[in-house]
Amino acid sequence: MKNFKKNIALLAALACAGTMLAGCTSSTTDGGDTTDAPAANGDTTAAADNGGAADAPAADANAYEAAQTAGTGALTLPEGEGKVFNIYCWNGDFKKYVESYYKAPEGVEFKWHEIANEGGAYQTALDEALMNQDSAAADEKVDLFLAEADYIIKYANTDLTQDVTKLGVQQWDTGYDYTYKAATSVDGVLKGVSWQANPSMFIYRRSIAKDVLGTDDPAQVQEALSTWEKVDEVAQKAKDKGYVMFASPLETYRTFANNSDVSYLNGDKFATTAAFDSWVAQAEKYVENGWSEKYGLWDNEKQAMMGTDGKMMCCIGPAWYFNFCMGTAQEQTNGDWGICVGPQEHFWGGTWLLAATGSDNEAVIADLMNAFTANEEIMDKILSDAKEFPNNTNVVNKYANDDSYGLEFLGGQNHIKMMAECAKNIKWDPALHTQYDQTFNETLPNNILEYLKGVCDKDTAMSNFYIALSEVAPQITHD
Amino acid sequence: MNKRKPIKSISYAKWGYIFILPFFLVYAVFSFYPMVTTFYYSFFENYNQGLTTIGPNFVGLQNYVNLFKPNEGRFELLEYTKNTMIMWVLGVVPQFIFSLLLAVIFTSVRLKIKGQRFFKTVIYMPNLIMAAAYSMLFYVMFSEVGPVGMLCKALISPDFVVFQSVGASRGVIAFINFLMWFGNTTIMLMAGIMGIDQSLFEAASIDGANGRQVFFKITLPLLSPIFVYVAMTSLIGGLQMFDVPQIIGGTDGAPNRSTRTLIMWLNNVVTGKARDYGKGGAISVLIFIITGILSFIVYKSMVKEDPNAKKNKRRNKNVLL
Amino acid sequence: MSYYNAQSQRTQQNLARVLSYIFLAFVTFISLFPIVLLIINSTRSGSQLQTGFSLLPGTSFGQNLKAAVGSAAIDLPHGLFNSFFIAGCVCLLTTYFSAMTAYGIHVYDFRLKKAAFNFILIIMMIPTQISAVGFIKLVYGLKLTNNFLPLIIPSVAAPAVFFYMKQYLESSLPMDVIEAARVDGSNEFATFNGIAIPMMKPAIAVQLIFSFVASWNNFFTPALILTDAQKQTLPIMISKLKTMQLSGNSDLGQIYMVILISIIPVVIVYFFISKNIVEGVALGAVKG
C-alpha cells in the first residue's frame, strides 16, 4: 500500500513536471538533488560537497588556449616517459577517432587492448590489469581506459585512477558540467573526461507522425508528446491506425530511472525505487493495451520495425543511438525521422576516458584528454564527421546557430540545437549512482521483460534478478 | 618372451617414466595445480566488491552450505543440473538413433550404398564449425524474423515465439548439439560394427536370420561396449555444455533461466564481475562430484542392459577406467 | 516359390535402399543447410540480415569482405595468424606428446604403469572449466597474460588424445617390431621417432586435425588470457563483433563474413584429409 501511494505521488509529480516541459527548459532533474537521498557509498556529505565543488574552479582561459594545441603532434615527450601507450576499451570507436583525428606525439606507440564486453568480460580483464598494475612492466601498464556511465563510479572512486588535473587537464568552461561530475570521485578528484554528451531524445518516424498526429513538425510533435498522459493518448491513436508507439517496453526505462531521486542501493541493501515501479506500471499498461511490442531494446525484430514497412512510431535515444544503432532506418527510411524532447529530459550512456594510476605516459594522457575536449578542430570532426554530440559548447553552438545545418537522417532537422538545450540541463548526482548501475539498468529491466512477455510471473522475474544480482555482488541483500 | 621379460623390465623401466614425464609435468602445472587451488579456494571467502578484493578468509564449508541453501527460494544447483541433463538427453537420444541407423546403413553389405565417402564427409562437417558461430546461425533461423521462427508462428499459434518457450529453447539447443555430434558418433559406431567378427554375420545369414534379427541379436549386443564408451564421452561433453546455450539463452539462460547449464553458472560466478572464487571453487567441486556420479550411473545402467556383460566386463573396464 | 521369394526379397531390398537414400539425403540437408545459410548470409548486407531472412544471395559480398578485412575494430590478418600459430603449435604438441605418453605406457613395464594409466582415464572425465579459477590465478601469477604459452604448453597433456593413441597402439604396434629395433641397437627415442611414429600415421593424422579444429574454435581459455587486440584469436574477434553489433556498432554481414573466413581453412584441410579422418576415427576410436 505504501508503495502504491508512493507511485501515485511520483506519477503526479512527473505529470506536473511534464506539463512544465513545454520547451526544453524544465528542471525536472533539479528535484533529484535532494540531500536526503542515500549516498551510494555511504558518505552523503562528501557527495553533496562534491556536487558543489565541481562548478567552482573556473578554467583558466590561457590553459584552454594551450589545450587547443593538444593532439596536433606538437607535444614533445618529457624525459622518462614510456614509449608504449596502453589503452583498454571494449570496441573500436575511440580507436577510430584517435587514428583519424588525433596526431600522436613523436615516438609513442599506441597499443589497444580491446576486450569485447560479452558477459562483462571487459571489466573483468580491465580489473585484473588494474589490480596487477604495480607488478606489470612499464610498457605493459594500463595508461588510459574507457568506462561507461553505468560503471564509471566504480573506477573513479578508487586509487587505481589518478587526478588528471595534476597532469594538466581541467574542467573547461566549454564542457558540459555533468560529464565532469560523472568522472569525479566522492572526494572531489577529477579522474577523467568525456568527448561526448548524451541527452536522450524521442526519435519519431515522420510519416507515421503525419498519419497519427497530422504533423511531423518537431515543435508540434513535442507538444503532442509533452506529458506521459499525452504520450498514452498518442499511443492509442497510433494503435488505432495500426502502428505501435514503441517496439520495446524497455524503451522508456532510462527516462524513468534517470529521473529517479533515490538510488537502488542503500549501503548494501537493494530496494526497487518509485521510479522503477512507475516504469513497470507503464510497461504493463503499454503491453496490455498493445501500445508496445514486447521486443528487447537491441533485438533484430526492433530493427525490422524501423524498415520501410515498419510500424514503430517512436524510439528513444541519444545521438549515438540514432546515428549508429538504427542501421535499418539509416538504410531504408533515411530522412523519415525527427527528434523531440518528449515528456522528460534524461541522458543515456556515454563513454569516459580515465587515467590509470601508475601510468608511465602522463603527458600523453593529458594531451589525449585535452585533444578530445578542448581541441575544437577535433571536436568539430566529432560532430561533423563522427556524428556524435561533442562535449564542447563552442563547437555545439557553432552548429546550433547555423540554420543551414541539418542531419539528412532527420529530414534536415538541426538536432544539435534541440539537444544543446537538453545537454545543459543534464544533472549528475553522485549519490544516485553506484558501481552496480549496469546490473540495475540492464539485468533488472531485462528480467522484467521476461515477465512482460509472459514467460514467467513477476515474482519469478524478480527472483531471477536477485539471483543474477547475487552473482554480481554477493554482499548485497534485499527485503 | 618369458625368459627375456625380467631383463626388459630392469633395463627399460626408466624409459617408461621418461616417456610419460612431459605429460605429467605439464598436467601437474597447468591442470592439476589450478584444480587443487580451485578446490582450495572453495574453503575461502574470496571475491571482488568492485575493485576491492574481499579475503581470502577461511570460512570452512560455508560456501558449500550456501550452495545447498535455497537462493531466493530456489535450489540453483538442482535447477542447473536438471537443465543440463534435460538438454543433454533431448540431444543425445536422436543422436544415437540417427547414428545407429547411419552406421548400419553404411556398413550394410546388402544395401551397398554409393557415395559413402561423400555422406560421411558431409555429416562430419558441422563438427568443424565453431559452436558459437553455429549457434548464431540457428538463433537467427529460429528468431521471430527467421524462417523457422515464422513457420512456427504460422503452424502453432501467432503468439508462439520459439525463444520464449522453455521447451522449444531447450529443443533448439539440443538440436544444435545433436547436429554437431551425430557425425562423430556415427563413425565411432561404424568402427564398432566393422570390428565385429564378420564370420558371425555370415553364420547368421546361413542360419537364415533376416536383417532385423541380425541387428538386434548380433550387432546391437556386440556394439554395447562402444555404446557405453560413446555414451560416457557424450555425457561428459554434455555436462560441459556451454557455448551453445550461452549464445541461445544468454548468460542467464533465457527464458526464465531454463537453459542455464552448470558450466554457464560456474563461468558467470568465476569470470563475472564479482570473481567469486570461493563460490566458484565450491561449484567446481560439486560439478566434479556430479560428473562422477552420473558417469557411474550411465556406466552401470548400460552395462546391465548388456546380455554379454560378463564377457565384456574386462573390456569395458579397459575402455572406461 | 523360390523365385517369388527372391523377387520379394529384392523388392524389399530395393525399398530399403530407397529409404536409406532418402534418409541420407535428409541428413545431408540438415548438415549442409547451416553452412549454405552462412555463405548466403555473407553476401547480404547488415540491415537486410537484421530485417528478414532470405535464401537468395544478396549483392553485398564484396562490401562485407571489405568491411571484414578493413575493420578498425578487429585485426583480421593478425587474428588469422594468431589462430594459425596457436592451433598449429597445439596440434603438433598434442599429437606428439600424446603419442609419446601412450607409447611409454604401452611399451614399457614399470611399477606405476597401471596407476598412471588409470589416473589419466580419471582426469579425462574432469571438465576443464572447473579449474578455471586456479588457471586464471596461475597465469596472472606467472605474468603470462597476452602470451601464447599458457594456451600452447598445456596441450602437451591431453588425456583424450592419449587415450585414443593408446587404443591405436594396442591394435597396431606389435612388440616384436620394437624388440627388433633394440636388437639393431636403436636407442629408445630413436625407436619411438623412427619406427613407432611412422606406424601411427593414421592416428596422428586424425588427432592433428581434431586438435587443430578444437584449438582453432576455442574461445573459453583464450578469452580469459588475451586482451591485447593484436594478440587475439578469431573466436574472440567474432564475439567482439557480435557484442558491437548488439550495440549497433557493426553489421551482421561483416560478422558472417568473418565466420566464413574463419571456417574456410578448416574446411579445406578437412576435405584434403577427410578420408583419413573417417577411417582414422574408426581405427583408433574404440578398439578396447
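Per-chain numbering from 1; labels A, B and C assigned in written order.
The definition used in the following text is that contacts are C-beta pairs under 8 Å (C-beta built on N, C-alpha and C of every residue); 3 or more make two chains touch, one makes a residue touch a chain.
These numbers were taken from a predicted model, which means no experiment stands behind them.
Please give the intersection of the contact partners of chain A with those of chain B.
C
Pick the pair with more C-beta contacts: B-C or A-C?
B-C
Report the inter-centroid distance (CA atoms only) between chain A and chain C in whole Å.
Chain centroid spacing, chain A to chain C, equals 42 Å.
Which whole number of Å gives the spacing of the CA centres of chain B and chain C?
16
Hunt down the residues of chain A that sit against at least two other chains at once, touch-wise.
121, 300, 304
Which parts of chain C, given as residue numbers and ranges, touch two or more other chains?
Chain C, residues with two or more chain partners: 50-52, 136, 239, 242.
When you check chain B against every other chain, which residues touch at least two of them?
Within chain B, the residues that touch at least two other chains are 140, 145, 267, 271.
What residues on chain C touch chain A, complex-wise?
Going through chain C, the ones touching chain A are 45-47, 50-52, 71-74, 136, 140, 143, 145-146, 223, 227-230, 232, 236, 239-244, 246-249, 251.
Note which residues of chain B are touching chain A in the complex, please.
47-54, 71-74, 76, 140, 143-145, 161, 164, 166, 246, 251-252, 254-257, 267-269, 271-276, 279
For the complex, which residues does chain B have touching chain C?
So the residues of chain B touching chain C come out as 5, 8-9, 12-20, 22-24, 26-27, 29-31, 33-38, 41, 98, 101-102, 105, 110-113, 117, 119-134, 136-138, 140-141, 145-147, 150, 179, 182-184, 187-188, 190-192, 194-195, 211, 225-226, 229-230, 232-233, 236, 239-240, 242-243, 263, 266-267, 270-271, 277, 280-281, 284-285, 287-288, 291-292, 295, 315-316, 318-321.
Going by the contact rule at the top, pick out the chain A residues touching chain B in the complex.
Interface residues on the chain A side: 119-121, 123-124, 127, 130-131, 154-155, 157-158, 160, 300-301, 304, 435, 439, 443, 450, 453-456, 460, 463-464, 466-468, 470-475.
Any idea which chain A residues touch chain C in the complex?
Chain A reaches chain C through residues 88, 90-93, 95-96, 99, 111-118, 121, 125, 128-129, 132, 135-136, 140, 298, 300, 303-304, 307, 321, 324-328, 330-332.
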